[in-house]
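In the two complexes below, chain A is the common chain; its partner is chain B in one and chain C in the other.
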Partner chain A sequence: MNLKVLKIKTWIRDNLDQIVLSLLVVPALVLIFTFQLIPSAWTIWFSLTDIALVGKKALNWSFVGLKNYLDMITDIDFWRSMNVTIQYCAVSLVLRFTVGILAALFMTLSKVKGKILIAAIFLLPSAIPGIMHPYVWISMLEPKYGTLNTILKFFGLPPQSWTYGAVVESLIMINTWAGYTFTMILMASAFKSIPREYYEVAEIYGASRWQKFRKVTLPLIKFPLILCLILIFKEDIDDFTYAYMFTGESPRPDFKTELLSLYAYHKAFHYYELGFGCAVGFVIAIIVFVLTLLQLRVARV
Partner chain B sequence: MASTTKIIAAAIVVVIIAAAGYYWYYTTSQPRTTEITLMTKAGLWADFIRNSGVLEDYKERMLKEKNVKVEVTIITAPHRGYGEKLITSFAAGSEGDVCWVSPTDVFRLAETEYLLDLTPYVSKWADWEKFYPAARNAYTIGGKVYAVPNDAATMVLYYRKDLFKKAGLPVPWQPETWDEVIEVALKLKEKFPDLPMIIEAWYEEQLPVYSDGGVIYDPSDGKFIAKSPQLLYLFKLYYDIIYKYGLMPKEFKLEGWDDRKLFAEGKLPLMIDGTWCYTEKWGPNGPYPIENREEVIGYAHPPSSGRPNNPHGKYPNTFRDYAWVISARTKEPELAFELIKELTRADIMAKWGYETSHLIVRTDAMIGDYAKDKFLEWNTEALKYAVPKPTTTLFNKYMDALKEVLRNELLINGRTPEECLEIFAEKVTEKLGEENVKEIPIP
Partner chain C sequence: MAMSGILKKIGEPSYTLLEYVVLITLMMYVLTPLLWLLETSVNTDPVPYLSIPKGITIDHFIAVLTNRPITGGYAAHPVYMTRWIVNSLIISGTTMIIVIILAVLASYSLSRLRFRGKNLLMTLILLSGFMPRMAMILPLFQLCRTLGLVDNLIGVAIVVASGTLPTQIWILKGFFDQLPRDLEEQAWICGCDRVSAVFRIILPNVGPGLAVVAFMSFLSGWGAFTIPLILIRREYLFPISLGIASVFIHNPGEIGLVVDYGPTCALAVLYAIPSIALYILLRERLMEIRLARLEVR
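After this line comes the complex of A and B, so read on.
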């Protein structure tokens, strides 16, 4: 008996570090299990049924296998939504990245006075709580009385149809405004982490600006850069708030704002087809999961 | 000695009986404490309940009549997306004991057995007979009552009296046909070429079908109408207003203009909107107050198409309203129903109607300020022309198809009424299923 206790004690003493480290993971695991794994499992299960949120199918639902997925890939609206989402993500990616990297370059290279103040202004979109963004932009884009059209009118320019004709452009503009700071912060820290000595050595060897960028800067920011691109795309693929702001409870008949997440939402909560909505949600989750694997791979390198 | 013991034993028994009796009396005479949750829209709706004194009256009555101390907790959800929040709450089991619902949601919820059958409660309630039959019937499914109506609203043809006078048009004005509306709108356009007009029943797009004596749903066989002369009339009317006469700018619908604001600013001479706009939007506490409303705002019934013997009457209209339901999961069904009785009291209904311009749905509620309000008195009369919504869960899908065709095909693609009708028939059949639709031949 004593020998057993002694063995246990010895094992604990020998593995104390591992035990403590394992215990540190427990709270995160509990949270992930409760709020992610269980709901995810429910989502997958619901996506294999014809369950509805309300009505007869909420009471008498049944297992339908992959029917929701088959219905989804044969649904023209799903592909319209996929098309809208890809366009939105692609253009947002370019703009969020370009604007963000320009701001990052300004922050790291510029020597103008008041740079800190300008940087603080750059960071304003991320300082405004996300819940406020739609309210701010609704007042900006309102076609008759909105701030943007009032400014255009002041300069004698024709007012724009921000909420209809240019609704996709508006969506991307808001997303860029709210999201470029992410690129700016990430890339600014990447630029800052490059030792100045590398450039000095390059100068000694007579390297041009382009050569310094290609041989020093680019290799050293390559991975943060790829990571940034993946994270932006991952963030945008399941965007919801701004698209919902321009759309509302039911899909716009022209479908211009029907991002995948909104399509899933409308299916589940407007048409109450919960099973179908979960199937779309699961497809989005798979896309995000693949991007996360890619991100982990890049981050590990 | 023995007798002393007996006396002591008897005394103990008496004391125990007396104590038990006192305990029984004490516990039964003390009020029971319980809680009722009430779910409604945030803002105007919840504020009215909080400030009208109705909850205090209810609590007092429950204490007096039932010896129950009730705490009422109000759960709110924003106006936008309220229906979705409500349905989700029911699905999640987090709904209130008493909930504020739209008619289309009542049928969905009843179908899912989420709602308490109120038939045994209303059958014992003398006031139930005072509700308008149309309102009572609107919530009766298969002979069972699932909701108590709270208010009603119709579509109103609003016009600016000042602009009418400037254009030399008669005030007051009540057109008898849609052709007359177009005629007047053309005169207004001639006088005010820059001002748009909103001659469209906003979210009640089906209105012209009723104007022409048709229906969108046939309760006799439970089928929706995919094609009919009246649906063709609907597409023709909207087509003419937009394209033939250029009266309504397409951008209004596509860009979502704030027509109520434009009307308040005198930039919109004519528009169709709901009863509630009169006070909720243009009243002294509304977002766009209009001073001297009676002098500025003119109102008329939406007219008919002119087709003789319209079964919906002279001025066919739509019927919008809200009602109260009780969750089937409530632990206090009696108290929940008592709360609904309080919320739909004649004086409370009249007060709500007056403060927000919603119409009363019980015959004895034409009292107080409501009865003195000319607009409300006039609009309450319009209820007799109102066609209730189809009481089926497919109604939303039908309306989605109609909105989609109006927007995509008529507004964006500029298709002819005949083309729109064909596309609509196809779409509605696809959305609702062949077994749920039928076509009425077009002569």
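After this line comes the complex of A and C, so read on.
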């Protein structure tokens, strides 16, 4: 008995460093578990019930198994909105990433002067309140007095119907404008954290521009790069603020703006089928889950 | 002589001109929509699209900063503008402190520990926030009501922090992983214990990473909208993002229901100042990497 206690004591003493180190991660895990995983599990549970937002079914709901999921995959609207979402997310990902990287380059590595002013200007879209984004962009896209059509008129070009005909293009334009700052902030720091000495050493060995990028820059920024791609995709598939602004409380007749997340919102909060909305939410989470694992595997981080 | 100079220029093209063209294009994309915001905040006669102001006034800014009641369709709303600014600062400051402390602890630990299933744990942390927020509204509200976090600014900060924490742990772990291990081991040899090695050697060298985490967590608290919308009921506890929506916009998200464009835009302009100031401050203080420091000692 005593020997056992002694054994445990020695083990603790020998591994004290490791034990303290592993305890440091606990507070973060507790917070994440309580406020992310518990509500998520709750949502998954809701997706297996016929709970409604209001009315009788809001209180007296019952377990229905996978009915919501079966209803979903047989709903033509679900597949239409899946199609919309894939196109939107793909284009948006490329643009948000490219603009963000370019902005980060201008803020850090480029030889252009006035970096602080450049940084301040590039930060503006994320510094103004998100609630103002729709109004700012309505001033741009408004068909009669909007800034874009005024510019087109000035150059003698025909005005466009940004909010109707080119609505997906407008959506992507707004989302890129509002969302490139994440990539910019993260990549600016990643560029800054590459020690200059590495490039000096590379130059001594006579490395070319491309070799310097391939052998010094890329390995050091690969991790944040992949993280950007993962998180941009997650945000795009999750967020329907701008799609909602062109749509409202019920789907548009042409269905062009019905992203999966908006489809879930309409089901949960317009048709009050909360359980069904939660099921769509879980499907979105699974899509992100699979794509994230795929990206991590491909990038080997 | 001059000719060969020009030939040389053509031979190895300088990227500067191209850079300026790209930069100006990007700036126009970023700034053109914002012209309306700036113009409306000083226009005596605000309209929802870009126009040449008939007169310029700072009245809207004064109205915002003196809590003057709004004379519009929904005049019944009390205005606690200065209080809202304080609330927002409390929420974003608390979020920032929680996230920095917890993310530094967790990511340092995850970067240095070696155990089976570490990659699995990291993946789980990253994936923990992947349920769409919209689907979590009801459970989150019920959970916070049970824990007494409704109508509680610190409660909002905790929930916001839990949402951004996974991302920040991942970002910071990347920066920690990048540091050569010898750096820390050298510090131990020089007589530093683990804690002082972290403060004197490790943290100064992940400055850019700390800057990202500090700025992003501040921004997630400052810009938080959905979570305060769920958790805060009393109007004097609103953060500024929610305050703008409640006073000026009858139904947030629906277009065309703004009551008063002038003060709204003035408030939006004021709202942008703290984030930009913080970023510039962090940039000055944290973005310079100091890898040479140990070699000097």
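Everything below uses one rule, namely that the second predicted complex is superposed on the first by the 230 of 301 C-alpha atoms of A that agree within 3 Å, B and C clash if a C-alpha of one lies under 4 Å from a C-alpha of the other, contacts with A are read in each partner's own complex, and residues count from 1 in each chain.
Here, a contact is a pair of C-beta atoms (placed from the backbone, for glycine too) under 8 Å apart; a residue touches a chain by one contact, two chains touch by 3 or more.
Every value quoted in this text rests on a predicted model; they were computed, and no experiment measured them.
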Notebook entry, point to check: For A:E142, is the partner it touches chain B (first), chain C (second), both, or none of the two (neither)?
Noted result: both
Should A:G248 be classified as contacting the first partner (chain B), the second (chain C), both, or neither?
both
*asked:* According to the stated criteria, A:N2 is in contact with first (chain B), second (chain C), both, or neither; which is it?
replied: neither
* Determine, under the contact definition given at the top, whether A:K192 touches first (chain B), second (chain C), both, or neither. => second
Report task. With the two complexes superposed on chain A, say which partner A:L59 touches: chain B (first), chain C (second), both, or neither. Result -> first
Across chain A, the partner (chain B or chain C) reaching more residues is C
- Just chain B (first), just chain C (second), both, or neither: which does A:T74 touch? neither
Interface residues of chain A shared by chain B and chain C, listed 142, 145, 248
Chain B residues touching chain A in their complex are 80-81, 83-84, 87-88, 90-91, 108-109, 111-114, 251, 254-258, 261-262, 393, 396-397, 400, 403-404, 407-408, 412
So, in the complex, the side of chain A touching chain C is made of residues 17-18, 21-25, 27-29, 31-40, 42-43, 46, 99, 102-103, 106, 110-112, 116, 118-132, 134-140, 142, 145-147, 150, 177, 182, 185-186, 188-190, 192-193, 195, 197, 220, 223-224, 227, 230-231, 234, 237-238, 240-241, 244-245, 248, 261, 264-265, 268, 274, 277-278, 280-282, 284-285, 288-289, 292-293, 296
Chain C contacts chain A in the complex at 16, 19-20, 22-23, 26-27, 29-37, 48-51, 98, 102-103, 105-106, 108-110, 112-113, 115, 123, 125-136, 138-140, 142-143, 158-159, 161-163, 165-167, 169-171, 174-175, 177-178, 194, 206-209, 211-212, 215-216, 219, 223, 225, 240-241, 244-245, 249, 252-255, 258, 261, 264-265, 267-269, 271-273, 275-276, 279-280, 283, 287-289, 291-292
In the complex, the residues of chain A that touch chain B are 53-56, 58-59, 142-145, 161, 163-165, 248-250, 253-254, 269-272
